[in-house]
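Labels run A, B, C and D following the written order; every chain starts at residue 1.
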Amino acid sequence: MSDRDRIPRDPSADYTREMAEKRAEFLREKSGATLKHVQGYSFDPGLLPGNIENFTGVAQVPIGIAGPLRVNGEFAQGDFYVPLATTEGTLVASYNRGMRVLAESGGVTATVVKRSMQRAPVFMFETARQARDFGEWVTQNHDLIRAAAESTTRSGRLIEIEQYALANMLHLRFNYTTGDAAGQNMTGKATWAACEWIRETHPAHPKYMLSGSLDTDKKHSAINTLRTRGRRVVAEAVIRRDVLQRLMRVDTATLFRARQVSNAGALLAGSAYNGPHAANGIAAMFIACGQDVANVAESHAGITYAQLLENGDYYWSITLPSLIVASYGGGTGLPTQRECLEMIGCYGTGKADKFAEIVAAVVLAGDISLGSAVLADEWVTSHERMGRNRP
Amino acid sequence: MSDRDRIPRDPSADYTREMAEKRAEFLREKSGATLKHVQGYSFDPGLLPGNIENFTGVAQVPIGIAGPLRVNGEFAQGDFYVPLATTEGTLVASYNRGMRVLAESGGVTATVVKRSMQRAPVFMFETARQARDFGEWVTQNHDLIRAAAESTTRSGRLIEIEQYALANMLHLRFNYTTGDAAGQNMTGKATWAACEWIRETHPAHPKYMLSGSLDTDKKHSAINTLRTRGRRVVAEAVIRRDVLQRLMRVDTATLFRARQVSNAGALLAGSAYNGPHAANGIAAMFIACGQDVANVAESHAGITYAQLLENGDYYWSITLPSLIVASYGGGTGLPTQRECLEMIGCYGTGKADKFAEIVAAVVLAGDISLGSAVLADEWVTSHERMGRNRP
Amino acid sequence: MSDRDRIPRDPSADYTREMAEKRAEFLREKSGATLKHVQGYSFDPGLLPGNIENFTGVAQVPIGIAGPLRVNGEFAQGDFYVPLATTEGTLVASYNRGMRVLAESGGVTATVVKRSMQRAPVFMFETARQARDFGEWVTQNHDLIRAAAESTTRSGRLIEIEQYALANMLHLRFNYTTGDAAGQNMTGKATWAACEWIRETHPAHPKYMLSGSLDTDKKHSAINTLRTRGRRVVAEAVIRRDVLQRLMRVDTATLFRARQVSNAGALLAGSAYNGPHAANGIAAMFIACGQDVANVAESHAGITYAQLLENGDYYWSITLPSLIVASYGGGTGLPTQRECLEMIGCYGTGKADKFAEIVAAVVLAGDISLGSAVLADEWVTSHERMGRNRP
Amino acid sequence: MSDRDRIPRDPSADYTREMAEKRAEFLREKSGATLKHVQGYSFDPGLLPGNIENFTGVAQVPIGIAGPLRVNGEFAQGDFYVPLATTEGTLVASYNRGMRVLAESGGVTATVVKRSMQRAPVFMFETARQARDFGEWVTQNHDLIRAAAESTTRSGRLIEIEQYALANMLHLRFNYTTGDAAGQNMTGKATWAACEWIRETHPAHPKYMLSGSLDTDKKHSAINTLRTRGRRVVAEAVIRRDVLQRLMRVDTATLFRARQVSNAGALLAGSAYNGPHAANGIAAMFIACGQDVANVAESHAGITYAQLLENGDYYWSITLPSLIVASYGGGTGLPTQRECLEMIGCYGTGKADKFAEIVAAVVLAGDISLGSAVLADEWVTSHERMGRNRP
């Protein structure tokens, strides 16, 4: 690679407007792009070490707000106005409409039911029998392994080591609580320390890989849905029949019939989610609030469960088994990201659970809105046309 | 809801700095957030109708650049400097390193092997037999149905109607090419027109829902992986053994042994992707380039396939079966988003395939980097320690 | 291996009572087993070439009968008494009970909605682009490929060649109708001929493997559930509320509430079937009727879809997307197997569809019985206890 | 239903030749079937209560034997001759061939790495929060719950209660060891007792269903593959390169290249097993040995994991995560079934692990045989033709 193809860098002062501009100039020469707005950022690049390399500017993603979203959480209580960063028209309006249905039905009950972040190394042996026996050794030495892991972190706690035997290997899925951080790095570091301790201590000094692909970081998986990754959160509400009829022009009985179709369709499709569109609300909140947006891969999965009540009201719940959020660390402290977290009172320590509750409530709002609209448009419109065509 | 809880709006002039400020002020009062940087955008809100509602400001997501990425595509040819919008430290540096391995190995061959966007209505009958016979009617009337669908769009082409029988229903999965748009709206509108035509024309005037959950919009699914959603793209390269050893300190034979472990782990976990982290590169490019970021849900899925060649070089491919991209429409025309697309020569009509090729090449670069680093750190480090401990 | 460890064989007269006895004697010496009943078979071993090697005797699996099962099929019409070969107590009684519910509700409507058996070779190239272009060649040469395939078979018809691109390969999933045979061998032979024709004719003379694992023979898979393997059959019935209450002591509304729980549970579990126990009836009929019992792996998968009707009756359907059956070939002509097929009028040519309808109807009967019993036992019993404990 | 349509029964003496004949006569009248061989059974029907209802005769399924199978198990040690009941030609011969490859390579190492049978009730609450708190109560009361469960059984031991939160419910997956019985009934009874204890003791007296569909009885599922159902068994062997070449005409390097294709294909297909055909051997042994054949649904799933060793030998392992077997109870005590178990020294108490090891070893033998044959036939044959065509 010739020097003129090398991206300009200055190790001694790389996080400056000057270097960003120098890189932009480099890119302009290479591509002809103007890079005017990319350079239209409002903060000092000196904030960015640990968040980005080769900083050249910003993506300006429009933020719309929706609300009030009424949440009856354990951490989030009251009405919230939610920032959604997206470029997809109608998204904010649609979520807003669902929030109104929820507010008029008494709000969303949101609950974090499990917290667990993983790193899952695999230990390799000559035979399955050795791998299995190693598993017993791990169980017996659990306290020492935990001590080795926790020696590397102040906020991480090792809560469980799952064992999955496969061929002549044993996968160990280390589960941690990670406080208000998402925790992928923390758990990686802690697990590495534990693995090194194991390797040095166990008589066979077993070989290992720090990930045997059972942690499924940045990937949807069946194991995430079953066993939780990040936070397992439930948002649930009893939608009042009259409210849904008035605001969305759909009857709850119609909605429930359609739910049967959707459940069967989701089973047939092998779908990671059987509701309308969790990913939309999650992505929009993640971008606004400085989350790791790649975690949409894991976080969008879930299960919609509904029951039509005897009075015609509609119990609607969504369970998000692998919602990965942080109120601290990562991108949460960057300027606009922090402001968005502050908008919902979720910045800093002690706020990740609150944030998780709000995200789940947002997802429910969006599903109510889209799930109802589809039926109203189709079936009502259909009905009208049908009537028009058949005098 | 009292007036003082209502988000300020002005239907006659809502996309203005004034209204954005008014909403920001409303939020400040409600939450105490400062919203200074959120308001630090560099463009006229008048650009935003069709992209956002209740506009209040922007998320400023840092962009780093990586490259040169050498792509031997059918549309993307040459060296590219790629914008990655993220708040996760080391991401840009890691992708950059993978790009160097690729460049020194001759670059990435990237190919779009299929294009197909869907809307999948379900038609409901009294019995399975009626549903099945309806399927024959659909086959016989394919040309008329296609005409009804295509009457609504200039760039969309209906290429196939798949049929999936389930209970007393028939799911029809309408497949379109959608030019340079992602096409979810286009296919929705076209399919609705086709469904209405069907309902009016078929003697039973069958009831339908516009989605029976087989289109799995904004969701990972088995059907996406099998049948394609958006673009099916393959990026492949032959990594030179000496290059990998020099740059990543890993031998290709080690890499290949680890691939076996990862494949087995992915099968065990029920993972949507058996490589390291497609979602990272995809999310970072999607944010930068004005894509619908919620589509990370579908787009991150895929299959890594590798072979160790007889000379020790390493064939590494990734297949992304549901990569959803656009070079036109959606957020692609917004100021920073357009600039980022221009940076890689992918803005506007005729550029979606090129963009897809580059995204796939980026994913391969990231997987090489992380996949190798994990092994280098662990096994080499382990080896050194092992040596140290055993005199 | 020493001669005394070699299983006795006589190539010139191996299918005789004498050789079976010689092998039994060999086994007695090796293991001490008596092998008295294993030798208690009622037919001439001379019937067995093509069905078994090293014949030594038979497993005698008890057959119970259940019925009448009222089927409103296109091929099966009327009341049937069904042979179930099993060693699991209560299975026959349970299916019998479900059949009574069905009969009193008007019977089962059963419909074969698709027929398709596969062999799925994979063709290998240097690059994905070559593989994709090969796919176009296959499309253009479809008629010639079909001719090559069909030259090997009288009853098989090639109805579709699906294409699945993966890395530098193209999987071709050849779909056939196979008349009354299950068709795995027929499709293998035909596809091999087609592949050889392709390899010889295509300019690149591409390398291939006859199975790239997309036919998923003897394995459950998502592709089977989506695309069909064998026969896709729906059994459906409207269960009368009063009948269910009287015979099963369960209300349809209770059943429907429980269905929601089961659907969510099946999604969470990643289950191949969301009903109670299709495999039981299928295995029992397959053993009795000379089917390939390993195909329980594919055949047990499916989707239960139900709706509670406004009058309180209950629409219950099961869709079996990969039911693999034969009325001809394989084990269907063996003595007891043929008698069992004759018991339901399903032996010989032109009967496979009828048999498929009956199997699906049996599955529905079993699911109604177990699905209701579970609720009746638990909730009623619970209720009584609850009452007893709380005066 | 008229009397003449009712299957004849005699509650006081139903398990007799007379009643079997009476039912056969009834069937002959209804269907015209002869039912001669079905009646050709060699034992007293008085043995059958608990195994069948409405007994009418037997299916005579041919048994072939294969061996010697050399097993280095913890329970099965030495050479075994294995009974395979099937009607599919070449199956026995194929397994036999694989056993020879294994024997000449030093045999199969088989290991039971986990034992766990389940019943998974679901408890229902008004909100997710109540369900979650109930989970803590369950943890605190674990010993008492275990006592309630174990009070119903002598051989069953409750080893773990997994918790899966979903909506306003908590699924409890009760895990037991069940000795030499498959244990579905035992675990059902024990779990029912535990649930009743919970319902009576917990202040909310929560409603429950005995199965919330997470036990996935008689169904393949992701949860089975991950968490084990029945026995998790690994069979592994190092296949010698020269042996494979000599007996199967395939090079291990070719086999390994094909393994990459199969792994990718299995991931694409969403396949329950990534090897050739576990179901064949399992079904044939299950029929012969009195297992619950419907459990082929669960038992056929698994993961093949291989590595090509530096000396060219081939490490081949299969992991069967949900192999459900018994050496006691169910059909194991019936005449031919017991004889077949005795043939491999697996009848009665203390033999289930041995039987599991043998089944897994059989599966490995069959996969080696078919997996190699496919390659030999195709690639060698292809090569010859290719040579013939091109002078």
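Heads up, the rule we're going with is that a contact is a pair of C-beta atoms (placed from the backbone, for glycine too) under 8 Å apart; a residue touches a chain by one contact, two chains touch by 3 or more.
Just so it is clear, the structure is predicted and the values come from calculations on it, not from any experiment.
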*Compare the contact pairs of B-C with each of A-D, B-D or A-C and report the one sharing over half of them by residue number.*
A-D
*Please work out which of A-D and A-B is bridged by more C-beta pairs in contact, and write that pair.*
A-B
*asked:* Quick check: how many Å separate the C-alpha centres of chain B and chain D?
replied: 40
*Express in whole angstrom the distance between the two chain centres, defined as the mean CA positions of chain A and chain B.*
16
_Suppose each chain is reduced to the average of its Cα coordinates; what separation in Å results between chain A and chain D?_
38
*chain A, residues touching no fewer than two other chains*: 164, 166-167, 169, 222-223, 226, 261, 264, 266, 268-270, 274, 303, 305
*Which residues of chain A touch chain C in their complex?*
222, 225-226, 257, 260-261, 263-264, 266-270, 274, 303, 305-307
*Spell out the residues on chain C that touch chain B in their complex, using ranges where they run on.*
74, 109, 111, 113-114, 127-129, 131-132, 135, 164-169, 222-223, 226-227, 232, 234, 236, 270, 303, 305, 315, 317, 319
